[in-house]
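Following are the structures in question.
Two complexes, one shared chain (chain A), two partners (chain B, chain C).
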Partner chain A sequence: MIGFLIRRILAVIPVLFVVAFITFFLMKQAKGGPFDQEKEVNPATVKTLNARFGLDKPTWINTTAVSRASDQGVANPLTLTRAFLDSQFGNYIINAVQGDLGPTYSSKGTENVQDVIKRKFPISLRLGLLAAALAVLVGLPLGILGALKQNTIFDYISLIVATIGTSVPTFVTGLLLTLFLSRVFGVKPIKPIDAWDGYSTAYIAPACILGLNTMAYITRLTRSSMLEVKRQDYIRTARAKGMGDRVVITRHMLRNSMIPVVTILGPAVAGLVTGSFIIENIFRVPGIGDEFVGSIGSRDYSMIMGATLFFALLVALGNLTVDVVYGFLDPRIRSKS
Partner chain B sequence: MRKRMIALFALLVLILPVLAACGAATPTTAPAATTAPTAATGGEATAPPVADAPTTAPTDVPAAAPTDAPADPPTAAPTSAGNVLRIHQVAYPDVFDPQKSSYSGEIVLLSQNYEGLTRLDENLETVPAAAESWEYNADATVITFTLRPDLKYSDGSPLTAENFVYAAQRNCDSATAGEYQSILFDLAGCADFASSVVTDTAAYDAAKAGLGVSAPDANTVVMQMAQPAPYFHTVASLWVMYPAKQEMIEKGGETWWQDPEAQIGNGPFQFSSIVEDQQIDFVRNDNYWNPAKLDGLSFIYIDDSSVALEAYKSGQLDIFSPDPSQIPAVQEDAELASLYVAYEGANTTGLQFNTKLAPFDDLKVREAFAYALDRETYCEVIRNADCLQTLTWIPKGIPGYDADETRFAFDEAAAKAALAESSYGSADALPEITMMYATNDPANQARHEFVANTFRDVLGVEVTLQGLPSKDVSAAKKDNATYPQLSLGGWIGDYPDPQNWVSVFWNSNATFAQRQGYGNPAADELMKVGDTSTDQAARIAAYQEAQKIIIGDLPIAPMYNRVNKYVINPRVTGYAMTPADDQFPGQWSSTSISITE
Partner chain C sequence: MATTSSEMSRPGQPGVEEFQRPVRSLWSDAWGRLRRNKLAMIGLFYIFFLSLVAIAAPVLAPHSPARPIGAELRERGAYRQAAWVESNNEKKTGLWTYPLGTDSGGGDVLSRLIYGTRVSLVVGFIPMIFTLLIGVTMGLVSGYAGGALDSWMMRFTDVVFALPDILFFIIVQTAFGKTTFGRTFNGLLLIFVSFSVVSWAGVARLVRGQVLSLKEKEFVEAAHAVGVKNNKILTRHILPNTLAPIIVAAAFIVPGAIVTEAVLSFLGIGIQPNTSPTNPFPTSWGQMIFEGKSGIDSQPWILISSAIAIASITIAFVALGDGLRDALDPRN
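Moving on, here comes the complex of A and B:
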């Protein structure tokens, strides 16, 4: 098990590198730069800023620095390699490995990406975990009920909830809920400024909306997976043995139908805890989702890279957790690894 | 049957907590429920302001306090009414550091906390502020500011000429590299200092020493210009000259500006609390020489305009900035319509021609296209009343505005006549015409199609539309050789002096004019008078005359000014509405705003 974990954790490193490479490549394909504004910035200032942020360096490799160094008689291969990597991408990776994700351009370099993540991620994490808990706590029973009582009123209710959860976009449900709370219950849109500091009731409404989609997905997945397991031979065997309903359902059906649900939970939780631009805007949540989206429009290169890598890391961790949980659910998977 | 009941019950048990949870904790709603309807109608019905505020306050507190975990009652207070102006802002600012900020949402905060040597009054005239007077030398190359005696920061520490010298130095410093650094390039040595390399210590120090700003005594700031700049007293009012304290900046490091304790100001208000993405609060600065009437200001950040409108209606905001898409709904709403104000902003957009490219090298063709523009319909219908039409370059409200300009107003007959008089004679003889636009804003396509359709309907000219990403459009517009035949574009003012509008854009040696292939020696002569004379009235007259020549030459057919638009609670009074008030009405003269209960 420990060997498996170590192997899987090490495998995350090349994944992150590839993600970094692709993101960097795509980011550089987009026209414009972080210092483009509606009002033009003076070229002298842009030049200084580019130099400060290392944007005057070549994108991938720095051949000029290598030839300059070798002209000066530098023979140390380490120094030459460093000169070769004195590029935007090379410097980014070297700093990132040391935990420095670089200054954000939108703050004019006054803040580092890791500080922004450190400050804003806890809020998104709290919101995302609540949403995930809600999705599981409601989605799972709804799905089970739908499968056990197939084609009855319960099944239809579960279907309706799931359909609404998947098909109505969050900017509609979120706004409707905000207006509903404000007009009917007098819960006004502007919350006290410290409402987000720890867990508070302010999180509930956005968590409901954020978790809606995942909840719907879990409901449907649980239902279809339960229905499939229900028809398996071993269930018939269990029943033939004279096992009670409760034991058959919890021990045999539920446990075996959990595999697909657990599979999607890893990436889903990673997605939930990284926040949603739309939900953050509607409920005024000071989370990280806004940074993810905003950075692309403003060509905040370091924030784009930092956010993408952070998200990739979370997804990788989510998948790793899923793989570990598999082992508990299905011994066959454990023996293979 | 019994099983079925149990299952149904189970389902109910499952769904109920969710509904209840989403409906916010039940105990919270109990006390609020009774007051809520009153508050809602109070807000919507624009009931007398007296009735509005008290209803809001009690609703707010019980609803907010439990949400907020009752541990910390004082923090629940900021959204309650009282003598604090609650202003809706859309996007939370990226950085509010006087020498680094560049967006108006950032500058509005700084302008409450600080004050430059001069300031803008409710007519956008430049008036004494930290400096009680200023004087130019004969050729407007030296300006001497005399500070008010005994100026103090909000913490009681003295404010002296050195603090302003530091502001100018920090702005021109290449180590700062604020995006508005070039606005002080008229200051001798500023451009050199800005392009100096920090690591080259000797050259950097020499450039720093060469900067033409000094404080011969504690009450005098002397600025040496690189060339005559008789408008520089207006530049001295800008945020780049706000005297943030050197020791605070050095102590606080790069993120000093995030700490309200470090933002010790000399303006009418003082930062008191900064909560990222939520709210920024100010209290009145009693050390300010002209104390404000309000107790404080709250800038409340709400990205979603529908949520912001709901917050306004439920009495949580005094000033609401509607999204352009909400204007029709606001104007049709019986209560909101009377509280809605819209006025020209400090920007002008028009139909820009490449005057070196056929057919627009022919003035008559440009005239035909200028006459063909139905600006009013464009603003009212296509842009949802997000703009007001204009026929001149400098917007209404900014010194130099020409209220008498009536040339090239929408006139189909004149448009046809001008085209017939042109060297081409008719629409059929015109070469192919392409109009370039940026596709980033999805609304742009409809806007440009309207303009193109106008030319087809009025002149019988087919204009091809070319939609490109905005970065490509701005790249093409950086050089006359690639400048599109037709495009919409214009200028956003930096400071309310006609020099910023006329000379900076239309002088034949200005990059903007050159890109369009424009230059007129007669206009240049007049601009020279404006750019060098110390007689302010003569300057304005010269620029106005230059503006008349430029409009006659039609490098651009002015179309509209985008508006500043707000819904304002009637309890707020005493606010100005100048084009520069683009974040809230009265932002540049906030000392005179008051709230009547």
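Moving on, here comes the complex of A and C:
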């Protein structure tokens, strides 16, 4: 189990590195730097800004620094490697590993990306957790009900909810809900920033919409896995030996049908926490997703890079938990990989 | 079977016809099952209907999707309400000439909706084809070759699979959106490429899994024994047997791509608006949602109609995909 765990954790590193590499490469292709203003900026100012953010260094590898160091007689391979990596990308990775994602361009270097994440992420986290709770609390009973009362009105309701919920994109339902709320009840999306401190009523509408997809997915999964378990021989055995309905359902059916549901929870929560930028944009939630969308518009590359890496890390951790949970629940998986 | 054939050898016997059944292939069997699935058939007909709308858009659309200028703009009015909505302002009151009203620049919403069908279908189907091409090739080669090649290809696939896709699309759009490449076909090409580059990983995994089990089967061994070449075994024996799950996957890739375009356009970084009247892809539903959101108080029908359009097309594809999965997998 320990070996399995370590292998899984190590597999996260190349993924994050590739994400960082691709993002960095793509950001370099983008036309227009963060300091391109409408009005002409003094070239000297741009130069100081570039030097301050390390943008005057080579992009990938710094061969000049290596040759300079070896000319000076430096032979320590560690120092030479550090000089070789004294590039924009190298420095970024080295700092990122230490938890420093660099200053944001839009704040002109007064605030670091990790500080912005620290300030805004709790809001997104609360939103994501509420949505996940809602998805589980509604999705599970609906799926169970549908499977137990197959081909009745309950089953049809759960099927319709599941089909619509999984196929309609949340930004469509979100926009229609805001329209409905503002037309019928005169409720506008909430703007004041202190409305989002702690768990407040402001989260209700965005969390409901955000959780809709996952809820429908859980409903589908629960229903189909319950139906499969229902046909198993051990259920018939349990009934044959005179076990009551309630015990058969809770002890035998529910427990066995929960395995696939439990395993999707990790990536589902990660997806809800990171995938909320459109919902945040619609409901004007001042979370990290909203910040990310804003940084695209203002071409704040360090913020885009930092947020992408952070999101990728969360998604990777979500997937990691599934693998681990699966390994615990089903020993066959462990031995295979 | 034995009784049937012995009965058939005695002609003139009544009731013989009832025992004869036409030969049914896996595909006609599956089609029969799909036809009984009402939801899937409604989805299929709706998609067929939308394809007709997309092709016949210039005939069906009551007006040009482009924004009018001069006298025509004054006549249409910006943000004219839907036909059944009364307004104090005579210029805003709905007219049946513009059933769903007009947008901020006087463009007819219904005509734009009709033309938007084109983008959604193209953006759904073309990336699906690319995704399948890359994914199926990777899966076939990786699964059939095995060994070191397989393990390296799969490691690469795992990394691509783990990329947060929507973030990747956003970054690609920000990076290349303003370049010549990013402007080709109003930015559609860039969406095709970025979508296919990430989405093939799931297909590759699926196909590889199928190939791994198929290549151990007796019919492949038999083909080897009679000296069939490797590439022929792959294309003639293994590929046809993996088609069923590939088709199901394809049906779910299409709505994914449609939603991706809509999300990107909604963020203002999807396809670029093109006002030229000769352009075949002048507008998209995602773009209309984006505009409808800012005009949500002035003219809600831009948002409502495009939101319903996107919701219904994705429901149709998902219903069809579900139906295909049930039809092609007789075990369930």
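Criterion: the second predicted complex is superposed on the first by the 249 of 337 C-alpha atoms of A that agree within 3 Å, B and C clash if a C-alpha of one lies under 4 Å from a C-alpha of the other, contacts with A are read in each partner's own complex, and residues count from 1 in each chain.
Definition applied: a contact is a pair of C-beta atoms (placed from the backbone, for glycine too) under 8 Å apart; a residue touches a chain by one contact, two chains touch by 3 or more.
Everything numeric here is computed off the predicted structure, so don't read it as measured data.
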>> Looking at A:42, would you say it contacts chain B, chain C, both, or neither? Reply first, second, both or neither.
In response: first
> Regarding the shared-chain residue A:182, is it in contact with chain B (first), chain C (second), both, or neither?
Replying inline: both
> First (chain B), second (chain C), both or neither: which does A:312 touch?
Replying inline: second
>> By the touch definition at the top of the document, which applies to A:274: first (chain B), second (chain C), both, or neither?
In response: second
> Among the partners chain B and chain C, which is in contact with a greater number of residues of chain A?
Replying inline: B
>> Taking the superposition on A as described, I'd like to know which of chain B and chain C A:149 touches: first, second, both or neither.
In response: first
> Which chain A residues lie in the overlap of the chain B contact set and the chain C contact set?
Replying inline: 31-32, 175, 178-179, 182-183, 281-282
> Once bound in the complex, which stretches of chain C touch chain A?
Replying inline: 39, 155, 158-159, 162-164, 166-168, 170-172, 174-176, 178-179, 255, 259, 262-263, 266-269, 289, 292-293, 296-297, 300, 303-304, 307, 310-311, 314-315, 317-319, 322
>> For the complex, give me every residue of chain A touching chain B.
In response: 31-32, 35-39, 41-42, 44-45, 47-49, 51-52, 106-111, 119-120, 134, 138, 141-142, 145, 149, 153-154, 157, 175, 177-179, 181-196, 198, 200-202, 204-205, 208, 280-286, 290
> Which positions of chain A touch chain C when the two form their complex?
Replying inline: 11, 14-15, 18-19, 22-23, 26-27, 29-32, 163-164, 166-169, 171-173, 175-176, 178-179, 182-183, 274-275, 278, 281-282, 293, 296-297, 299, 304, 308, 311-312, 315-316, 319
>> List the residues on chain B that touch chain A in their complex, please.
In response: 7-8, 10-11, 14-15, 18, 21-25, 28-29, 32-33, 35-37, 39-40, 59-60, 63-69, 72, 75-76, 78-79, 94-95, 97, 100, 102, 174, 177-179, 181-182, 185, 191, 194-195, 197, 254-255, 257, 273, 275-279, 300-304, 306-308, 310-311, 314, 316-317, 469-472, 474-475, 492, 494
